[in-house]
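Next, two complexes with subunit A in common: one pairs it with subunit B, the other with subunit C.
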Partner chain A sequence: MRRFFIALLGLALLALYTFSAPVASAQTRVPRINFKERTLPNGMRVISAEDHSSPTVSINVWYHVGSKDDPEGRSGFAHLFEHIMFKSTRNMKSEMMDRLTEDVGGQNNAFTADDVTVYWEIIPSNYLETLLWAEADRLAGLNVNNENFLSERDVVKEEFRQSYMAPPYGKLNLLIDQKSFTTHPYRRPGIGNIDELNAASLENVRAFHETYYRPDNATLVVVGDFDQKQLDAWVDKYMARIPKPATPLPRVNVKEPERTKEARYTEYGPNVPLPAVAITYLAPSAASDDAFALTVADAILSGGTSSRLYQSLVYQKQLAQSANSFVDLREDLGLVQLRAILASGKKPDEAEAALLAEIKRLQSEPVSAAELEKAKNQLVADRLREIETNNGKAAAIGNAAVILGDANRVNTDLDRLQKISASDIQRVMRKYFSDTNRVVIYYLPESMRGGK
Partner chain B sequence: MVAMKTTLQRIAVVVLFLVATTPLIAIAQQETPPAPAAPRSTTLPKPVERTLKNGLRVIVIERTVDHGGMPLISAQLLVKNGGEVDPPEMAGLANMTAALLTKGTQTRTAPQIAEAIEALGGSINSGGRWDSSVAGVGVISSKTPQAMEILADVVRNPSFKDEEIERLRQQTLDQLRVAMRSPGQLARFVASRVVFGDTPYGHLLTGTPESISRIKRDDIVRLHTTYYRPDNAILIIGGDIKADDAFKLAERLFGDWNNPATPLPAFKASGAELLSKIKPRVLVIDKPDAGQAAVILTRPALQRTDPDYFRALVTNSVLSGFSGRLNQEIRIKRGLSYGAASIMEVRRDVGPFTATAQTKNETGAEVAGLLMSELARLSSEPVADVELTPRKAVLIGGFGRSLETTGGLVSQVGALALYGLSLSEINNYINNVQGVSASDVQKFAGSRLGSKDASIVIVGDASKFLDKLRQQFPNVEVIRAADLDLNSANLRRAGSTEAGNQAVKP
Partner chain C sequence: MKKFTEFRNRLSAVLIIFAFAVMPIAAQKGGAPPQQGQSVKGADIKGRAPVNKEILKVKLPKAEEATLSNGLRVILLESHRVPTFTMQMVVLSGGLSDPNDYHGLASFTAAILREGTQKRTSKDIAEQVDTIGATLAANAGLSTFTSTITTSGLVENFDQTLDIFADVIRNPKFAQEEIDKYKQRQIAQLQFQRSIPQFLAAERFQRAIYGNHPAGLIVPPVESIKKITSADLARFHSTYYRPNNAMLAIVGDVTLKEIMPKLEKAFGDWQKTDVPETKIPAAPEQGTARIQLIDRPGSVQTVLQLGNLGIERTNPDYFAVLVMNQILGGGPAARLFLNLREDKGYTYGAYSQFGGSKFRGTVISSSEVRTDVTEGAMHEFMYELKRIRDEKVSPTELENAKRAIVGSFALSLEQPNALLQNIVLQKLYNLPADYWDTYPQMVSSITAEDVQRAAQRYVNLANLQIVAVGDASKARDVLAKYGSVEVYDTEGQPMTKKATP
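Let's look at the complex of A and B:
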């Protein structure tokens, strides 16, 4: 369903956009996305790419505000706010976005990540002008009443329960951020918690919109079946008239201190069938040069069932029922995560040792040419699948423009990833995967409390 | 003998989004949205097909790079039987058999298969479903022949090594342990038993810990020999490949695949009659540590080939989707859930209609009541056209989007081919949906989707909602999670007693 808050999935998605940006391998030409970019006088960035292969258009509006910008004592607010953006605006009744999209065969949704909030629509192309008007309208101003606000807040609390309370490993997803950062607001899970959601008010909504929802904090991406001149005229008509506020945009500038020694945590859950182990390392920003080598290393560790973690922990040693790595890089800094859910009868320290052995192996031995080529081929294919649809292309462009700071990286990152060598991988493995940069979390069934 | 060639009619095809322009809702406001322009048309891809002389049906859907496609292909080999042929005591056999295809052949080990396909930038998957078993590959189109060779090898020459069977058995057991802890998944397992009892769709597709432990190599080999044969299979290839090249490849890789001398076991539909003997239930699985209650309404519905199929789809669309009635009532109006939805699952035999929502334990009974009353309202009052038109647009738009990717295209065509339906139904989809009227919906709901034959399943902390549930449904049964037996139609472990009426707590 829509208006998902995608904590893990969102991160995975961003990681994918950022890093699977691959390359033409010997035989495969990754089609270039030909886009046009301009900035309106009010500061809104507009990026568009024509594609007439189906009579649809995808619109993405990327606001450069995310969960890290949650007000103090209001953890979860950016995401709650995202839900509120579907309620009444100056000129639209609640849920009118659904009338303009779903009711004519289109689709809409939004997601909140640490650094951004993204709203999107896929519509029959003859509705493009209508939706540009609608996106402009909710950017220009909300008009939400308290009854709508309270009922949507209840929906978000149910989302919290459905995503984090009901599933057996939901709480582990919260623990990763809570235990991995000491200072940066990334330590607060984007879904928030019931108490801080209960404390959120309509006044908070008004202030948040005024602070962050402004044209100079928005990137509009349009991909699909449109005429460039016509699009420009509509954008000038509906978007350019929104004034740019004189007040400065607040930005998070908290620095997460370097880790100086390993930290270990053991946590318990009431509904955990099998123990889990998570290991995180602080990693650089998504836009950094080292992101490319980390991405290839990640594919070697856990891309597919021929990957090293699967072959070692799941297949050969049968220590784990799943073992994965995630390059979870964000705007300010990131994490590399390793996770294993154990097989029955196995001990967390065995899985931890096996995970660390694979890290050590990547640090001490260069990967073979064949393994490197395989990882790159996988990343190319991932990229092709990602940009099969208009909405996939729009998301890739938005990520490059907002998170990486340069829309053109949607095309150029491919070549850079292609150039990653075995020694690049060894270098980043040694640089980031040090003993002192490690946080280890054991997530165990309640029945194991007390050392059982 | 020369292979037969059947080319589908080359209909100049339909307009994807030619949904009548819905008048925007008139509301008092300072500014109204600009009206839409004239809709633009598109063409849908046209599948072409041949049947090899061994009976293997080969279907190709071209979407080449020259015509706006990506340099990708997807291929599926469908075997026309799945979990419904599991022997009752061996639930999970078909799924296990299919999953083992990629775990070793006469000439390749499991790691070699993974290594080979992933080196091509591809992936390979296999598994069992209801009515079919599938092995599929997705790969960069320049690597198509290599990937297809591996696909053919895993389907035709699986080795079913004991070591791999044991490994998969342990993995499946662990996955079941995790699934059973999730209220939503557990509720779906229970719902299937409630609707289908001991009939072929009643058990878990993945099996239970007990049935999985019983399966032996001989059982797996027997299922493979019986059902994996060219005259019981369909190969679908879609994406960046020319049809002629695809047919040549199919002939080379599957042309010498022989049928066994024994005839294929015949299918006989029996669902409707058998299911009518199964009584609806209101069943609570008491799981005191559940972080939320999973609520399901379910009942038998119809076969894929039923003439009412499109009426069923449109009826379901009135209930389901973001702005469908269930989500309107449960999420949008009352904030009781992150989302409520329903699905009309159609199969070779009668499949289930299922409506679901998760909610805090305290409101489990209220959500069950809303699911039930919304189902009943479909037959008690007609749907206004201003509501019906957008719900049809949702179906048509969703169908169009499902064809955007090569994987989606292959799946949609495969679903038609599996049930022997004309592949041109892709081109008739819009007309079929548009042809359903408000009175069709009301009639269908009244005659085939009545609420009195519907069951309710709730998995959650019963102490928080049981009293309220009993006020609405006097015949509530309660089974403690520890006493649940998914192997039996009554779902209660032998020797256990009704929970909730007991003085002794577990």
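Let's look at the complex of A and C:
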């Protein structure tokens, strides 16, 4: 979930000439990101990488708190809180972050994930000091009144409706988390629900800020056109003065039990044009060694139109209009999801069988050298596209530092990915996928309720 | 190696983003008055934003041009940030060249290019593109005057990527089996799109503005997809995909010297022919104001789109409309967002946008609001549309908007693709060669009077088209306060009075 999302009315503007050039890809020559890392006395981690190729700079502030930390009975709170961080602080009026960025041609936004909340700005480099000051200010002290809070809560409820209730498969996204985890807080979708959002109060905001928004729970990443010494001085001036609280940082320690049997659900939604099938399996942490082989397996299943799922379900059998896999890896544990939206007139069980056949095939036959190479090339190309911009680099560094626990993995992970073998893939496919540990969800048009 | 005529594109001047100097941040209205109340933690942060008043200097890189022996124009923008490149063939005919009753032929032709050539099957192409980590896509809209084929990849795979790229452009096979498969996927896709409320709104809105003009359709009619044959596709391709009717634009970690021989080999023997001229139909005059509601029972939100006919891309009012749009609804700092979202909490977002081609585009304001505030949202939309017409914008708003546009232009330098897009656009619309050099000055010259004049011309309440998608049982009466409401079902069929709640 993002603070705002400008969905282009693209459809309405097809008349407009567009030059949508997807960016490029790579094989082995992924340039190393040379970054500098230090920890301030108050515990804030600061990572910076200079790049003077354009007069811009990107700031990311990664707070190690996400939807899994939503207070009990306050599902959706971390995300609501993210919105509140754009309201007034001790020294800034509401929405001043927008003025400081948008009014100079920059951009800012934020997103809340299961494990982290990330705030970012892209600005002309001569505004770096201003935005460091502003980020420090909202970390040091929010100052939100009840009126602000209530209207922003309404905005978040609209985001819920717009992103999950109005789109045809929005509710399926909620069901996947709700049905895939039994115990871990990942079972609560980060967007929350209307009742629990209604229950949230200004007092919750104050407590959440005090508990989680502290320098020793933050990682500041700055990438772009700056002078290292100057940056260090500004960081010392604005960030280092924020005191570190003496209280301990709470962490989620819930263990999700292993699955012991298949679970099946059928749900219906209004305005669903075609049936959908989703199958999920529990996966290890994003930081685990097995994440590499699972990531390569995912690319083999659904990377591009030559991938196995597209070729089998969409192109050859014409069972589905789309068929995809996702390695949805998170800090504590994750999911591998398979999803298909059916073609007209096809039955969900046919698509389910075709998806499961592709899992079996990966378990029983080693992938060919050519297919393995193709998957790796695609993953490397994706990484290159990601780090083309300052903000992409900052996000990659932040993810390595906070989710993977080591900023240096931004440079070393690709080498490890390259070493994955066909037998590694077969091993993880056998380890994490079985007939007794999957969750199967059929998401059907309301008109199919009551059989057919 | 044939002739290389090199030109210097004029995108080379040092551009000074003077607009940044206009107003220091701390002097804006958000100028940080320390507020009352206690903060959560006691940090020593001073109460005013530190501001750098230095002028940011931006250098626009220059593009190079060359011509192949058969006349194909080549434009290259070097960019050496990462070892990649993007290459786009712009064919100078698109949906506007579709024969009558064959809407979608250009788009179908483009889409089917990668489904097989004389020497590669659909699967070969997918396999080879994915294997080198490349991308390959082709597009034409129903009312575009271009079709584009775009590939991107690693510089070390340039030769292989170029080989596939040239093959799909020059030798598509249009095999019956592939055409049938594509039709089936396309028809499923159309069915899927009808479940998306924004799609339904856009479809109805375009029809309201353009009627039977090609821009009145946003997707091809199913009947038209069904009847297009292999011969139709082959004819469109051989008529329009010609080197004298195309332009090749490249950005990336390559030099003209190293790629020209390769391009000559890939495209040099592509045959020229006379290409029939496509007439650009003018957009129809605006009709009277209408309110059209698409009933989508059970919707929790109402999608609202309100707008008018706007301008061609080359209209002298372009910069005035650009600034007007920025103030009205160009982003999270604009009036619609601040009013409908930040102040009222009606929506997750409210924006305006405009576009224009060789015929007049639209100026649209839009939002998705929860059903029970449809009335309030309509009220605020009408208020903002009237206000931008009736009142001159304040000096602060004007300066902020202009600074935002110019600054955002400067920031786009981080993306070489955006720069190349600008260069292509300048050529497609025959804009002055120094268009992008003077862009910041053109933006800065806009006055509050210009903005108001643009609003009065292109935000016209007398013939405003309003389209809503939502639960008609709840939205209909609210909309009826603004005029008589026509109700449609999601298939686009008018609903009889009896059937509407």
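What we mean here is this: the second predicted complex is superposed on the first by the 425 of 452 C-alpha atoms of A that agree within 3 Å, B and C clash if a C-alpha of one lies under 4 Å from a C-alpha of the other, contacts with A are read in each partner's own complex, and residues count from 1 in each chain.
Operating definition for what follows: contacts are C-beta pairs under 8 Å (C-beta built on N, C-alpha and C of every residue); 3 or more make two chains touch, one makes a residue touch a chain.
Because the structure is predicted, anything quoted here is derived from the model rather than measured.
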item: Joint occupancy of subunit A by subunit B and subunit C, clash or fit; value: clash
item: First, second, both or neither for A:D415, with subunit B first and subunit C second; value: neither
item: Touched partner set for A:G170, first subunit B, second subunit C, both or neither; value: first
item: First (subunit B), second (subunit C), both or neither touched by A:V380; value: both
item: Partner chain in contact with A:A136 - subunit B first, subunit C second, else both or neither; value: second
item: Contacts of A:D406 with subunit B and subunit C, given as first, second, both or neither; value: neither
item: Which superposed partner A:I122 touches (first subunit B, second subunit C, both, neither); value: both
item: Subunit A: partner with more touched residues, subunit B or subunit C; value: C
item: Partner chain(s) touched by A:I242 [first = subunit B, second = subunit C, both, neither]; value: second
item: Which of subunit B and subunit C A:P31 touches, first, second, both or neither; value: both
item: Common interface positions of subunit A, toward subunit B and toward subunit C; value: 25, 27, 29, 31, 53-56, 90-93, 95-96, 98-100, 102-107, 122, 124-127, 129-130, 133-134, 137, 150-155, 157-159, 161-163, 165-168, 270-274, 303-307, 311, 314-315, 318, 321, 341, 343-344, 370, 373-374, 377-378, 380-381, 384-385, 387-389
item: Subunit B contact footprint on subunit A (complex, rising order); value: 1-2, 25, 27-29, 31, 51, 53-56, 90-93, 95-96, 98-100, 102-107, 122, 124-130, 133-134, 137, 150-155, 157-159, 161-168, 170, 225, 270-274, 303-307, 311, 314-315, 318, 321, 341, 343-344, 370, 373-374, 377-378, 380-381, 384-385, 387-389
item: Partner subunit A, residues of subunit B touching it in the complex; value: 15-17, 19, 21-22, 24-25, 27, 29-42, 65, 67-68, 70-72, 110-111, 114-115, 118-123, 138-140, 142-143, 167, 170-171, 173-175, 177-178, 180-184, 289-292, 294, 321-323, 327, 331-339, 341, 358-360, 389-390, 393-394, 396-398, 400-401, 404-407
item: Touch list for subunit A against partner subunit C, complex; value: 4-9, 11-17, 19-27, 29, 31, 53-56, 88-96, 98-100, 102-107, 122-127, 129-130, 133-134, 136-137, 139-143, 145, 150-159, 161-163, 165-168, 206, 209-210, 213-214, 238, 241-243, 245, 270-274, 303-307, 310-311, 314-315, 318, 321, 341, 343-344, 370, 373-374, 377-378, 380-381, 384-385, 387-390
